[in-house]
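In what follows, a single structure is set out as structure tokens and then discussed.
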Amino acid sequence: MATVADPGTAVKRPPGAAPPVWNRRRREALAGYAFVAPDLLGLMMFVGLPMVLSLGVSLFSADGFGGYTYVGLANFRQMAEDTQLWQSVKVTLTYTVAFVPIGFVVSLGLALLVRDHFPGVGLVRTMFFLPHVISLVVVGIAWQFLLVDKQGAVATLLRPVGLGDTSFLGDPSLALGSLVAISIWFLMGYNMLILLGGLKDIPREYEEAAGIDGATAWQKFRHVIWPLLRPTSFFVLVNSVVGSVTGLQAFDLVYVLTQGGPAGSTSSVVFYIYQQAFTFNNYGYAAALTTVVVGFLVAATGTMFGLTKGGRFDAG
Amino acid sequence: MPVRLRAIVGYVLAMVTVAPLVWLLVAVLRPADELFDVTLPSRLTLDNLLYVLTEVPIGRYMVNSAIVSVAVTVIALVLHSMAAYALARLRFPGRQVIFSMIVSTLLVSLPVVLVPLFLVAKELGLLDTYAGLILPAIFHAFGIFLLRQYYLTIPRELEEAADLDGCGYFRRWWQVVVPLSRPVLASLAVLFFLANWNAFLWPLTATRDPELRVVQVGISTLQGQYGSAWNYVLAATVIAAVPTLVAFVLGQRRLVEAIKTSGLK
Amino acid sequence: MSAFERVTRRSLLRGGAVVLGSAMAAPLLSACGGGDQGGNPKELTFWNFYGPNPQSDAQSKWFIDLVAAWNAGNDVKIKLHYLPVSEYLAGRALQTAFSAGQGPDIFLLSPGDFLRYYNGGVLTDLAPHLKPDQIADFENGALDTRKVDGKIYGLPMEREPLAVFYSVDAFEQAKLSEGDLPKTWEQLLDVAGKLTSKDRFGMLFETIPGYYQNFTWYPFMWMAGGSAVPENGGPGFDSPAVHNALKLWQDSIAGKIAPRKPLGDGGTDTPANLGSGFAAMQQTGIWGVSQLAQSNKDFRYGVFPLPVPEGGTYTTSVGGWAFVANANGANPEAAATFIAWALGANDAEGIERGRQWNTVVKANLPARTSVLEAAKSAGAFDDPALKVFLEKVVPGSRGEPRYTPEVYKAVSDAIQAAQLGGADPAKAAADAAAKIGTFLKGYKGAAML
């Protein structure tokens, strides 16, 4: 099995016998390509190719019925004067700046809380994760009921403190905040699980050693856990940023809960792109916006990688 | 924090977290004409659940979702683990470039590439097939990235011991790396399963055949033109959540067990 | 592992094929319309949103029977394809299919979406398949928003006018009677204020942005004398009439007598809002009659026409979906023949089919005189609510307008900004008018009505 599987061995060794080091490297490289190839090709096919098509379409004006007219960079020029686009950029930035740090701190807090055993810890972990078990669409429906004006469970609970008339999803100054809160509720268990995986990998001895040296809980966290957890944290953060900008919570929740309203206060960039494509048939413009957003994200995460050496944080 | 305090904080927060879901459950057990009432239900009934179980082909929907979710999860775990191993451990020219390319695909989300992806699926003859539901869902950089981060932390010595035994790369991956990564694979299996079980937009777009309808699309067919039968919609939701809950509870337990036996300590 | 290698090679080949295929077939990057439809001219697909469902089983059956009756006597067969209604209204699946050249042969279309598809060149003229008396059978105005240059691009299956539903119990609790039903905007706000309590809103207007919200707001704009696009030399959207209509909705929210976020599906959903006691009055369509009959049997309610502003003329919007045929489909002729038969035939069978749809499986007003007469003789309008719709709501009404998505969005933004964002109605209207003006300068499609 191994000889079939490992492409390295499938390569006939030249009769002259190359130096072993060269041979080993070559074998390793071939194995590397073979291991990466299936995923890489799949990604090229189902993500890369659609992206390239999208890039192509961004140079056209599309009518949504198969008609395309070449317009050069007109779609990109249109963005500058599109006030609604900039409004939606503001919405996405606000959402991201609120969701990413708060969501991360909450998830990390939960992960630390349920890291070690206490009676029923498994159940507690499950309960934190439970919101994520249900589809985002249904989460939206449930919260729509809970947050309804006057009669909703949340309004009823808050009536004694004088907030019974607050409209969490209908007031433009509150709707985005409600969306952030629901997103955190939905995703905190998910990120907790990933962070928990990272925490479990940190050898206990390190912390115990620090404890013997008289370190406080905070010092242990700051000097032992935090540095060793960085690759996982980095991953969670990158994932949160991407999710906030183009991911499902940036779209599905808005789609189910508010349709971009009230008064445009939750119209995120990805929702705006979606509207351009499916409400206005402006596939060309939508494709151009997609290109810019993805380009921006590539640059942003590329920078983050550069600064952190691929998320490895070797320097500690 | 002392154990007792941690436990209490944990219980309280956990209760708050699931409160909205408890509301959902109570709503499902309400008589239909009390669904919108603020007060506690006058009685509990299984009518809504029974209706969905008997009058809606939800079993069929769930079988479809199960086929798709399990297939995606298994194939994705194998492929992603292989790719991640190579990206973390094997040296080959262009590795960094390939990794960057893979990671950059994280930034593309479905709503924005729906139309071109539909075209690709159409050209491949994938519309209205299980393959069409499964293949595009497999390839996602999330799992590769997470596994690669994980593999970077596996001590090299373990792998080198296998090397001394004369193992090829495939056996090193299969016999050393995969067993070591059981905990993270278990977590990923849960996440993949959930994501695919709850998928809606792509299955809706890629299939027309009612025989291929997955559970989330099936639920949405319960919504009406002017107003929905919310009691049934919510009941279907709860039924559809059962397998994901089971998957998580199983995965959660395995995760803890796997950590005990993984030899990482 | 070897299996994966095989998959890999196959994917590679397929990948190459896709790249080549899309470059050559090029529905993507060429200017040719339509693309490859590749449908079967002997089997036409009919997309609709009346799948079997707890609330529309009878409607679903009507579609199944309709298609069965056609298939029994014709070579070209029709096959139904259901989409979840929320998805159909959002248009994703339908739009994706059309942009990939895979649009259905027959589908349902509302006036709000008419121009998008008409201007896209995918609608077939049905007039050649209809006799003059069949065309004349359609009620006044029922065909207007489906016609361009005398050609008929869709046949409406129903007429759905908007009015206000009110809860008799809520009126009694507030010590109000039928004599207090509001006739003017001022009275509407006043009565709604009296009906508002700790856990009930007096009035409900739709708050979710979308085609439906616009549809429900247009009557107020028209009654005040305004219009979205300049009509008959009128001023267009930035006019005092529009400001007043925006202000009415704004006042209802600012006065806390209407919700910012209603229950369930919102404005269309009477059981969730009116029936549950959440709202005492609700602006909605004729479908509310059958909704309440189904979900809230013992609920006491009444219906009255939309109140009129001082010095205004009464009107309301009448919605309703139409069957349309895809001009790029596999067999547009057969699709058009089917539609003309299904909704245009004025023989006994055709009239009975229309009566069933409009007054038995669903509560609408029929779009055709012959069907309306048949329904009247069958006693369909003995129901007091439907009687009000027929006698008081519909006279003077206007069909749901067909605007392009750009005009719809500009108006929608103005409604949202004024109603929920608290913006000055004059400013919101001026912003929208500017956008509409810019758009109209470059617009070459069919007339907006």
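Per-chain residue numbering starts at 1, and chain names A, B and C are given in the order in which the chains are listed.
Criterion: a contact is a pair of C-beta atoms (placed from the backbone, for glycine too) under 8 Å apart; a residue touches a chain by one contact, two chains touch by 3 or more.
According to UniProt, the chain labels map to these proteins: A = Sugar ABC transporter permease; B = Carbohydrate ABC transporter permease; C = Sugar ABC transporter substrate-binding protein.
All values reported here derive from a predicted model rather than from experimental measurement.
By the count of C-beta pairs in contact, the leading chain pair is A-B.
The most distant chain from subunit B is C, comparing centres defined as mean Cα coordinates.
Here the spacing of subunit A and subunit B, counted between their Cα centres, is 15 Å. Chain centres here are Cα means. That of subunit A falls 37 Å from that of subunit C. For subunit A, residues that reach two or more other chains under the stated contact definition are 1, 5, 38, 42, 45, 49, 53, 57, 145, 151, 277, 283.
Within subunit C, contacts with two or more other chains are made by residues 1, 4, 14, 18, 22, 27-28, 92, 99, 199, 263, 278. In subunit B, 36, 38, 79, 82, 114-115, 119-120, 170, 220, 230 are the positions where the chain touches two or more neighbouring chains simultaneously. Residues of subunit A touching subunit B in their complex: 1-3, 5-6, 8-9, 25, 27-33, 35-36, 38-40, 42-43, 45-51, 53-54, 57, 110, 113-114, 116, 118-138, 141-143, 145-146, 151, 153, 156, 185, 188-190, 193-194, 197, 200-201, 203-204, 217, 231-232, 234-235, 238-239, 242, 245-248, 250-252, 270, 273-274, 277, 283, 286, 290, 293-294, 297-298, 301-302, 305, 310-312. By the touch rule above, subunit A contacts subunit C in their complex via residues 1, 4-5, 34, 37-38, 41-42, 44-45, 49, 53, 56-57, 60, 62-70, 84, 144-145, 147-151, 164-165, 167-172, 258-265, 275, 277-281, 283. Put simply, subunit B touches subunit A in their complex at residues 1, 3-4, 6-7, 9-11, 13-15, 17-18, 20-21, 23-24, 27, 36, 38, 79-80, 82-83, 85-87, 90-93, 95-96, 98-117, 119-120, 135-136, 138-139, 141-142, 144-146, 149-150, 152-153, 167-171, 173, 183-184, 187, 190-191, 194, 197-198, 200, 216, 219-220, 230, 233-234, 237, 240-241, 244-245, 248-249, 252-253, 255-256, 259, 264-265.
Residues of subunit B touching subunit C in their complex: 32-33, 35-38, 51, 55, 78-79, 82, 114-115, 118-120, 122-124, 170, 201, 204-205, 208, 210, 217, 220-230, 232.
Contacts from subunit C toward subunit B in the complex involve residues 1, 4, 14, 17-18, 21-22, 27-28, 45, 49-51, 53-56, 81-87, 92-93, 96, 99-100, 102, 199, 263-265, 268-272, 275-276, 278, 284-285, 287-288, 291, 295-296.
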